[in-house]
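Here chain A shows up in two complexes: once beside chain B, once beside chain C.
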Partner chain A sequence: MFRERSVRIAAWISCSFLALFTVVPVLWIVATAFKTAAEINAWPPTFLPSAPTWANFDEIIYHTEFPRYILNTILVSTVSTVCIMITSSIAGFVFAKYKFPFRGLIFMVLLASATIPLEAYMIPVYIMVFKLKMLNTFAALILPLTIMTFGVFFMRQVIMGIPDELLEAARIDGASEFWIYLRIILNLSKNGLMAIGVFAFTQAWANFMWPLVVVSTGDMYTTELGLAVYQRAFYTEYGPIAAGAVISIVPMLIVFVALRRHIMAGIATSGMKG
Partner chain B sequence: MAGVSIRKVVKVYEGKFQAVKAIDLEVAEDEFVVLVGPSGCGKSTTLRMVAGLEEISAGEIWIGDKLVNDVLPRERDIAMVFQNYALYPHMSVYDNMAFGLQQRKYPREEIQKRVQHAAGILDITALLDRKPKALSGGQRQRVAMGRAIVRNPKVFLFDEPLSNLDAKLRVQMRTEIKKLHQTIATTTLYVTHDQVEAMTLADRVVVMNAGRIEQVGAPQELYHHPATRFVAGFIGSPAMNFLPVDLYDDGGLKLRLADGIVLPVPAARVDRYGPYKGKAMTLGLRPENLTEIHDVERPGVTRIEAPIDVVEPMGSEILLHFFIDGKPLCARIAPDCVVTHGERFALAADLNQMHLIDDESGRVV
Partner chain C sequence: MSDVILPPQPSSLPARLARGWARMKRNHIGFVICALGPVLALFVVIRIYPIAETIRLSFYDYHITRRSNPFVGLGNYAYLFEDGPFHEALVNTILFSMLAVVATLLLALACAILLRSIEKAAPIYELLFYIPVVTPWVPASVIWKWIFDPTFGALNYALSFFGVARLGWLQDPTLILFALVAVSVWKMVGYFVVIFGVGLRAIPEELLEAADLDGATAWRKLTRIVLPLMRPIILFSVVTCTIINFNVFAPVYVLTASSQGAPAYDFKVLVGEIYSNGFVYYHMGYAGAQCVVLLLFVMSLLIVQFLAFREKK
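Right after this comes the complex of A and B.
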C-alpha cells in the first residue's frame, strides 16, 4: 500500500515537472507576444507583460506578408494531410489485409526508409523538383509530403485489428474491394486515421527545411519561413516573431482539441499504446 | 436451390502443409450437412473453399450445375454465418441485413419487405434500429442469420456459429437453427467441433480428421455403426470406452483384458470376429452399455467389478469413472443408485453393443 502510494506520488511529481518543462516555453512565447519591445529586452526579465499590448499582432498582421504565409501554410498542410490520410489508409489496408509475394520484404524496406533523414536525400529530390521546373510552386511544397511512412505503418497496425470476417462477409455479400475500403475500412479505422491526420498536419505546418530549399520568392513562403525572415542579421524583432508564433500555433491547437478524442482512441487501437 | 459437390478437393498451404486431402462429398439439395471434427481437421478450410474465401489447390467444387473453382464469392450465390457474427459495427441491424441486397441493387421496397420478413422469422423486428454493440450474443447471432436469410441464397454456410455463446443459449439457438431449416429448406453446410451440435442438427454428419473424411452418415448411423476408431471415440458424450484385448478361442471366442478379465463374445458376433483371432484388437463400449447390474441377466451381458474413482451425479443419470488395465473408463448408471468414491462397484457390460477395432487398420470390424 505504502509502496504503491509512494510510486504514485513520484509519478505525479515527475509528470508535473515534465509538463511544466514543456509548457513554460509556450507560455513564455504567448506572454512575450503581448509585451512591448522595451519590456522584452528589459533586465531582469518579466514573465507576465506589465502593460499587455496588441501592437505585435498589429505589426505582423497589417504591416507584413504574414497573413499570406499563413494561407500558404494552411493550403500546403491541408492538401498534404488529405493526401497522407488517403495514401496511409490505402497502403495500410493493402499491407494489413492482402497476401502477395514479398509483402514482408516490401514492408521492411518501407519501414527502413523512415530511418533516413530528409537531409540525406534532400539534394536529389531538389534536383528532381528543379528539373521538373517546379521550384517556387505549391506542388514542390506538397509532393514530398503526400506519403508518410509512419502513417502507413500506423494504419497497418490499426487495420490489422479489424476482423477478417467483416471483409469476408462483405465479399460474400457482393461488395467490391474498393467499396470495402470506403465503407468498412475507413469507417472502422477513422480514429487511427484522425490521429495520422493530426500528425501529418503538424508535420506539414511546422516544416521549415524543405520550404527553405524549394521556395525563394516571398509570395510562396510558409509561416516558418516567414518567421525566420524577421530574424534580421543585426536585430531580432522578438515581439512580432512571438505574435507570429502564437498565431501559427492556433490552427494546430484547434485541430488537436477538435480531434483529441479520436487521437487517443486511434493510438489505443493501433496496438502502439504504451 | 442447388446441391454442393466437392470432388477430390485438396488444400495445400504455402506448398507444404496439406490441410485438406482429396475429399469427396455430395450434399443434396435442401440437405443439412454438418462437418465435424477436432481443431485443425480441415472442416473450416473446406467450408471456406466452398464459400470462395480460400483458393482450391486441386479438385473441383460445384454449386448446382456450376463449377465454382474460379468464381468470386459474391457470384456463388451463397450466404455465410461466421463464428464472431461479422456484423458491421457502424451499421444498424437493418442496414446489416439489407447490405447484401443493396449491393445487388435490389429495389428499396423489396429490400424492406425481405428484411422485415426475415426479422419476423427470427423475432428481431424490435432490434432493427439498434447497432450490433447494443445486442446480446444471441441477438447478434440472429441478426447474422437474418443477413443470410434475406439473400435467399442457394446455399447457407455456417462456420461454428454457436461457439461464442454460453451453453444455455447455444442449446436454444441450436433449436432455432433447426427450426429455421425446417421453415426455409435450403442446402446447408454447417461446421462445428461440437459433436452434440452435429448430431442434433444434421441430416447427415461428415466426420473429418487430419484433412480426411473419416465417415459420412446419418447421426444415428454414426453413433451405432462407427466405421473407425476415431469416429467411435469422437461421436458420443461421454466418449466411448476403449480397452486393448486379446481375441482367442478356447472352445468359444473370448476377449481377454490385460489384467486377466475374460469376456465371452456374444454368439451373434462370433462369425464376424472369428477371422481376427490372434490380432491386436481394441474393445469399444459406450458408457450406456456399462450399467448397474439388473435383476435379470441377459445373454451377452457380463459382470465386471472395479473401484470407483469419481462419481458424477448428473440428475438424470450418474456417471462413474474408474480404471481397468490402467485405462480410464466411464459407466452410466441410474440416478437412484448409491455409489461412493473408492467403493468397489459391480457393473454389467452389455457386449451385445460392443465394437471391436482392428488396431492395425483402425477400422471397426
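Right after this comes the complex of A and C.
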C-alpha cells in the first residue's frame, strides 16, 4: 500500500512495539507460574524464573478443586460447541436454500438480536432457570450457549456457495431433505463449520458472567469462575493463581494456533458484515 | 424455479389452495418447519422473550423469592435518577468506553495501515497481536493485576527507572480508570487490526498506484483515498468496540478486588451495578431498569449504524 522507505521503517518499529505490548504480559504470567513464592514476592522483580519449579501447578492441581473446574468447563464447552454447530448449520442451510414466508424478516430479527449482550437480558433467563429448578446445573450453564447468531449468518454464507444443482441431483435420486443436509451440506461446509466450532468453544470456555450468576456451589465452578474466586480469596498466593491462569489460557492458545486459518476466515466475514 | 410460464388456471378457492399446497410442497415447507422450528424456538426462549421480559420486569418491584411482585410503573426509572452509585457507574462506564474505544481503534488503525507496507511480515504480527484476544478476560485480568500491583508490580518497577515513585494503579480512582483502559486496549487491539486489515486489503491497489504517479505524498494518499474508503468498516468497528467496552465487567470484578499491597478502589460500572442489584440484593425489577438503559444504549448505536449505512446506499 505504502512503499515509502520512511513508512516501512515506522511500520517495523511501531508494530514491533505493539507486539511486545501484546505478548510480554502473557509470557510474564507463564514465567511467574514457574517461580517460587519467594521469587514472586522479590524486589526487584525478575522476568525469567531463576529456579523453575512445578510447585505452583502441583499446588493448584492436587490441593484445590481446580481439576474439577477444568472438567466442568470442558464438558460445558464441548456440549455448547456441538449444539451451536448443529443449530447454526441447519438454520444456515434453511436460510440459504429454501424459500418460505417471512424468511427475510426472521433473518433480520435474528441478526439484530445478535449484538445485544447477554448481560442486558440475563435476568429473565435466570428467573426461567430458577423456576425450572435448574439453578446450579450443567443444563443451566449450557442453555444460553446453544445458539449463536453469527454462526447462523456465517453458515448461511458458506452454504449459499454450494450449487443448487447438487441438491437437485440428489432429490432426483430420491434423497430426502434431511439426507441432503447430512450427506451433502455438512460435507461441503466442513471448513466453515470448523470455524464456528472454534468460535463456539472459545466463547464457552471464556464465559464468565453467566457461570457467576447461575452457579452457587464450588463443585459446579468453571475455570474462569474458579480463577476469579481464588483471585479474590487467596490474593496473597499469586503462584498457584498464575498457574491456574496459564491452565486457562493454554488450551485457547493451542486451539488458536492450530486453527488460525479458519479463525481468520471467520473474522474476515464478521468484518464484511459491516 | 418459479420462472416457468404456467397456462391460465382456474382461480376457484379449492384450486388456489391446491396450487398453494403444491408450491409449499415444492419448497419443502415440511422440512423447513422441522429443521428451523426448534432453532427458532430456542432463539425465542433464550433471547427474544428474555429481552421483552426484561422491559416488562423493569416496571415491577420484582423479587425472585416473593409471591407478590407489585407493579410500580416508572418507579424503578425514577429511582435511577436518585441512585448515586448508578450515576457513578454510568459516568465511569461512559468515560471508560470512550477512552478505550478511541485508544483501541486509533492504535489498531495505525498498525493495520502500517502493516500493509510490510505485507510479508503481516501474518506473524497479526498472530502476535491476536494472542490477548484469545486470552479469556479473567486470566487476562489476573495477569494485569499483578503488573499493576503497587508493591511488587512490574509497571511500578519499570517506571522506577524514570524516577517515578510507586503508584497505586488500582487504588487511585483516576489511575484505575487508565489501568482498565490499558487492559481493554491490550485485549481488543489485535481483533481490530485484523478487521481493519480485511478492509484495507479490499482497497484496489490501482487507486494508490495512480496516486503515486500523480506524485501524491503518503499522507495525502492516506487522508484522500484510504480513510474515506474505510469509512464503513471504521463505523462497524466503533459500534462493536463501544458495545464490548460498555459491557465491561470481568476485569473490573478481578482488578477491584483487594490486591497484595492495599485494597483496590471500588470502581463501579454499569454491568457491575446490574449484577449487584439483580443477583446480590435480588432487586430484579430495579436491575431490569438498568438493563433497559444498557439495552437502549446498544439499540441506539445499532440504529445509528444502520442509518449511516442506509444513507450510503
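The definition used in the following text is that the second predicted complex is superposed on the first by the 224 of 274 C-alpha atoms of A that agree within 3 Å, B and C clash if a C-alpha of one lies under 4 Å from a C-alpha of the other, contacts with A are read in each partner's own complex, and residues count from 1 in each chain.
Throughout what follows, a residue touches a chain if its C-beta (ideal position, glycine included) is under 8 Å from a C-beta of that chain, and two chains touch if they have at least 3 such contacts.
Every value quoted in this text rests on a predicted model; they were computed, and no experiment measured them.
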- prompt: Counting only touches as set out at the top, which of chain B and chain C does A:Pro124 meet: first, second, both, neither?
  reply: second
Message: So in the superposed three-chain picture, is A:Ala242 touching just chain B, just chain C, both, or none of them (first/second/both/neither)?
response: second
Task: Please work out whether A:Ala228 is in contact with chain B alone, chain C alone, both, or neither, and reply first, second, both or neither.
output: second
Query: Where does A:Ser113 make contact in the superposed view: on chain B (first), on chain C (second), on both, or on neither?
result: second
- prompt: More residues of chain A are touched by which partner: chain B or chain C?
  reply: C
Task: Go through the superposed model and pick first if A:Ala175 touches only chain B, second if only chain C, both, or neither.
output: first
- prompt: If you stack the two complexes on chain A, which partner ends up touching A:Ala19: first (chain B), second (chain C), both, or neither?
  reply: second
Field: Footprint overlap on chain A, where chain B in one structure and chain C in the other make contact
entry: none
Statement: chain A contacts chain C in the complex at 1-4, 6-8, 10-12, 14-15, 18-19, 21-23, 25-26, 28-29, 32, 40-45, 87, 90-91, 93-95, 98-100, 106, 109-110, 112-113, 115-117, 119-128, 130, 143-144, 146-147, 152, 176-178, 181, 202, 205-206, 208-209, 212-213, 224-225, 227-228, 231-232, 235-236, 238, 241-242, 244-246, 248-249, 252-253, 255-257, 260, 264, 267-268, 270-274
Field: chain A - residues contacting chain B, complex
entry: 163, 165-166, 168-175, 179, 184, 187-188
Task: Please give the residue numbers of chain C that touch chain A in the complex, ascending.
output: 27-29, 31-32, 35-36, 38-40, 42-43, 45-51, 53-54, 57, 64, 107, 110-111, 113-118, 121, 125-132, 134-139, 141-147, 151-154, 157, 186, 189-191, 194-195, 198-200, 203, 205, 208, 212, 218, 221-222, 226, 232-233, 235-237, 239-240, 243, 247, 249-250, 253-254, 257-260, 271, 274-275, 278-279, 284, 287-288, 291, 294-295, 298-299, 302, 305
Statement: In their shared complex, chain A is touched by residues of chain B numbered 51-53, 72-74, 76, 78-80, 82-84, 86, 88-90, 99-100, 103-104, 147, 151
